[in-house]
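Chains: A, B and C, in written order; residue numbering restarts at 1 for each.
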Amino acid sequence: MTDKKPRRNWRLFGLIFPSLFWLVIFFLIPLFLVMAMSFGKRGTYGGVIWSLNLENFSRFLNPADPLYLRIFFRTILIAGITTFVAFLLGYPLAFWIASFPSNRRNTLILLLMIPFWTNFLIRTYAWILILRDQGMVNTLWTGMINNLFIALQAAIPYLPLEGVINATSRPLPLFGTDLAIIIGLVYAWLPDMVLPCYASVERLDRSLVEAAQDLYANRVRSFLRVVFPLTLPGVIAGSILVFIPSLGAYVTPDLLGGAKSIMIGNVIYSQFMSARDYPFGAAISFILMTIMLFGTLIYFRLFVGKGQSERHG
Amino acid sequence: MKEFAVELTNVVKKFGNVTAVNNVSLKIPDGEFFSLLGPSGCGKTTTLRLIGGFELPTDGEVFIQGEPQGYKPPFRRPVNTVFQNYALFPHMNVFQNVAFGLQMQKIPKHEIEKRVNETLEMVHLPKMGSRKPNQLSGGQQQRVALARALINHPKVLLLDEPLGALDLKLRKAMQLELKDLQQRVGITFIYVTHDQEEALTMSDRIAVMKFGKVLQVGPPEEIYEKPANVFVADFIGETNFINARIISINSNDVGLLVEEQFDVSSTRVPDLSTNQDVSLAVRPEKLSISKDKLEGISIPGSIKEVIYIGTDIRYEVKISEKTTLAIREQNRGDIAAQRFVKGERVYINWEKSNATILIM
Amino acid sequence: MDKQHKTKRPPLRLRFGRRILNIHGILCYVFMYIPILILVIFSFNDSRFVSGAWKGFTFDWYIQLFQDEAIGNALKNSLIISLSSTFISTIFGTMVALAMERNTFRGKLAFDSLLYLPIIIPDIAMAVMLLLFFVLINMPLGRNTIIISHIAFNISFVAVVVRARMAQLDPALEEAAQDLYANHSETFRRVTLPLLMPGILGGALLAFTLSLDDFVITFFTSGPGSTTLPMRIYSMVKLGVTPEINALSSMMLMVSFVLVFISFLIQRGGGGTIELV
């Protein structure tokens, strides 16, 4: 007769141990390290002096010289806009995909995954090609469109097209702006919004909508009162999956943004790579992580309680 | 001393604060078709799983062929199970599914092949070996599950509501097939169901369960004709419960005052005392209606409803303010010659032995 | 009144709304694919300067690409790193998934949270953490530190995918195997593992892709001689836009296409719908 219980515990522990070990040593400890280091000070030659001061934090949060604060809020703003745009694009897209029969749906999702699984740098690089002054958009703008208006002016001389012709003879300042960054981020993270939304939409019980309409709700009402709340979990998940990486973005603002459009990620990067002020970089990183953690928790508390009607067993 | 195929002594199973199986004791002899019957949540499936080893008892002991099973996992118990949703391995074909148990017992390949083919023949699925489970109908899957279990010649076969997913006609056919199979093969079947008609049809004995307890064990006739308590009487078939009070207790019968008005006599049961309030249980088919008062037990009432069900005519007769009795008369006559009509004053009759006194 | 639909469609939109949705859907896909298509098209453009003008078809840039030694080295590094980290994280991640999905134990919630953190945390924060750690323990930065870092985040991703697959697995199947005299390891080998395989392969594929694709974490934890492909691309892009980069991009696009196709085959083999990664 064997007692199942003690053997089971050893087995479980054995299964977990490698991952536990790895995550504790190469994740948890580094995490605490960063937290500890944020209280330190930069040494004269770029080393670290361990101490317990809040200098780094006060420097970052200094209202008198709000350099970093400004960057930080801009970052949040950009990430927020990105998330919102991703939602506007992705949510209807999820419905569209879900409206197809099963095999077509899978094809559509597959098609969505291909750009998603392409290298991030390359996808961002593509937008450089498109947005820069000699890029696709501007070639079109100063080329064909400009020629079009010139020809139009020539054909119909009394049309007041001078302003337009002037505008189209110079490239649009798309590259190096916040707009470019937003476009790049939306492009990179849109599938992360679509997929969770799609999962929610697909799971939606159609008969609930029919029930609402049976009870005299018109299409708009049944959407607002039934469909949207029930698909909210997907929207929340998608929002988090877009907002968080956008907040910590480094590559996109670095490649698509200009000197004036750096984000928090770039600041952290420069602390480590050029300024060599590790403690300050660690402090900024720490602040970023804390904001993200709290943001996620609050978001969850606010929306997951309200919108969720299904619980996973 | 001959051992029982399966014996449970004072078995208790708790999940956290919930007691699913509450002090259950059963003795199931070899070769019996034994059913566990009850509503959802009564503990019948848990009891079955305790026998199979998928759950371990919190207290008490499970014996198979006289051997205490202790904490033995399923693969060390000489029983096999037919699962509710068949649990056929989707990545194996029918042959591999059925052969699985034999492979685990390290039986040589050529013998496995022989036995698998024999067993598939026995469940009327010859030459289906290369099909995959998802290519089979519900009834066929059910039979593969059966074959997969039986091929191992277990001492006891456990069946967890195996016919639940089948449509009515198929279910009825399978009930007969299973009963026939069990009698041919001769092993003990322990069968879980919530369908009382199924249990009554197939079983040698039935255990009626509720809230983790066994309320009555006995052959179908006994469960039906002599229910031990109100729950069993109500759960199995339909029963009329008549309010009564004990007036006198004699050696063989008991005198009762029914519905505060009528003097009725009934067969004595143990543990009665005078002036006790009891329930007199009579099945609708055991009651008859007459225009005039008859000899023996005959109570007046008025007809409230007449319902034509095809095979029967059902009367609802009010005998007091609170109590309406249901009576079933077999439809032997011509439709137009309905014997009684709504509102008519009639008499309800029954044989003394057809009523059971139940303590509330 | 709605049009007669050939297939069952939800009664959620008017004819007009439907049309708008269609246009929106198509435009979204156009948006997703135009940048990629531009890369591919211009990788064949016979022009030193990457501008909007088409100057003729050529394979020159691809030839240049294949002869580029730096890229060859970067590719080699990338493959070694990705394959190693995928191998280890798939094993660890699968083990964790097996332990977590069907069992409860003390501290499960805490460990579960720990397991999810690497997925939530932004790249740059993790990069910083790991760099500081390696510096402080005086471990020289190089290929090994990159591999270690990749495993650190890949375990979680593999675990999520495998757990999702496990959740779909009917526990009755494992009980049936035990009922038929298979002990724990036989049950695992003959029933659990084969049915779990699509999930495991899916997780491995995801880990491979994430590893291959990673830039920020890799950059922070790399040392001399351990340049990966994304790092090489980054430095090339920083220096300036060249057609060679276009050619490289197109090649990588093809690789993604193949990877997605493989993942599709895996899902099909498992008999489920496309898993949401």
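To be clear about the criterion, contacts are C-beta pairs under 8 Å (C-beta built on N, C-alpha and C of every residue); 3 or more make two chains touch, one makes a residue touch a chain.
What you are looking at is a predicted structure, and each value in this text was computed from that prediction instead of being measured.
Taking the mean of each chain's C-alpha atoms, the chain closest to the overall C-alpha centroid is C. Greatest centre-to-centre distance from chain A is found for B, with centres as Cα means.
Averaging Cα coordinates per chain places chain A and chain C 17 Å apart. In terms of their C-alpha centroids, the spacing between chain A and chain B amounts to 60 Å.
Computed from the mean C-alpha positions, the centre of chain B lies at a distance of 55 Å from the centre of chain C.
Contact with two or more other chains is made by residues 73 of chain B. Against chain A, in their complex, chain C makes its touches with residues 7, 9-14, 17, 21-22, 24-25, 28-29, 31-36, 38-39, 42, 49-53, 91-93, 95-96, 98-100, 103, 105, 111, 114-115, 117-118, 120-126, 128-133, 136, 148-149, 151-152, 155, 159, 184, 209, 212-213, 215-216, 220, 229-230, 233-234, 237-238, 241, 245-246, 248-249, 252-253, 256-257, 259-260, 263-264, 273-274, 276-277.
Of all residues in chain C, those touching chain B in their complex are 170, 172-173, 175-183, 186, 190-191, 194-195, 271. Residues of chain A that touch chain C in their complex: 8-9, 11-12, 15-16, 18-20, 22-23, 26-31, 33-34, 37, 89-90, 92-93, 95-97, 99, 101-102, 106, 108-115, 117-123, 125-130, 132, 134-136, 138-140, 143, 187, 190, 195-196, 198-199, 206, 209-210, 213, 219, 222-223, 227, 240, 244-245, 247-248, 250-251, 255, 265, 268-269, 272, 278, 281-282, 285, 288-289, 292, 296. Put simply, chain B touches chain C in their complex at residues 52-54, 73-75, 79-81, 83-85, 87-91, 100-101, 104-105, 148-149, 152.
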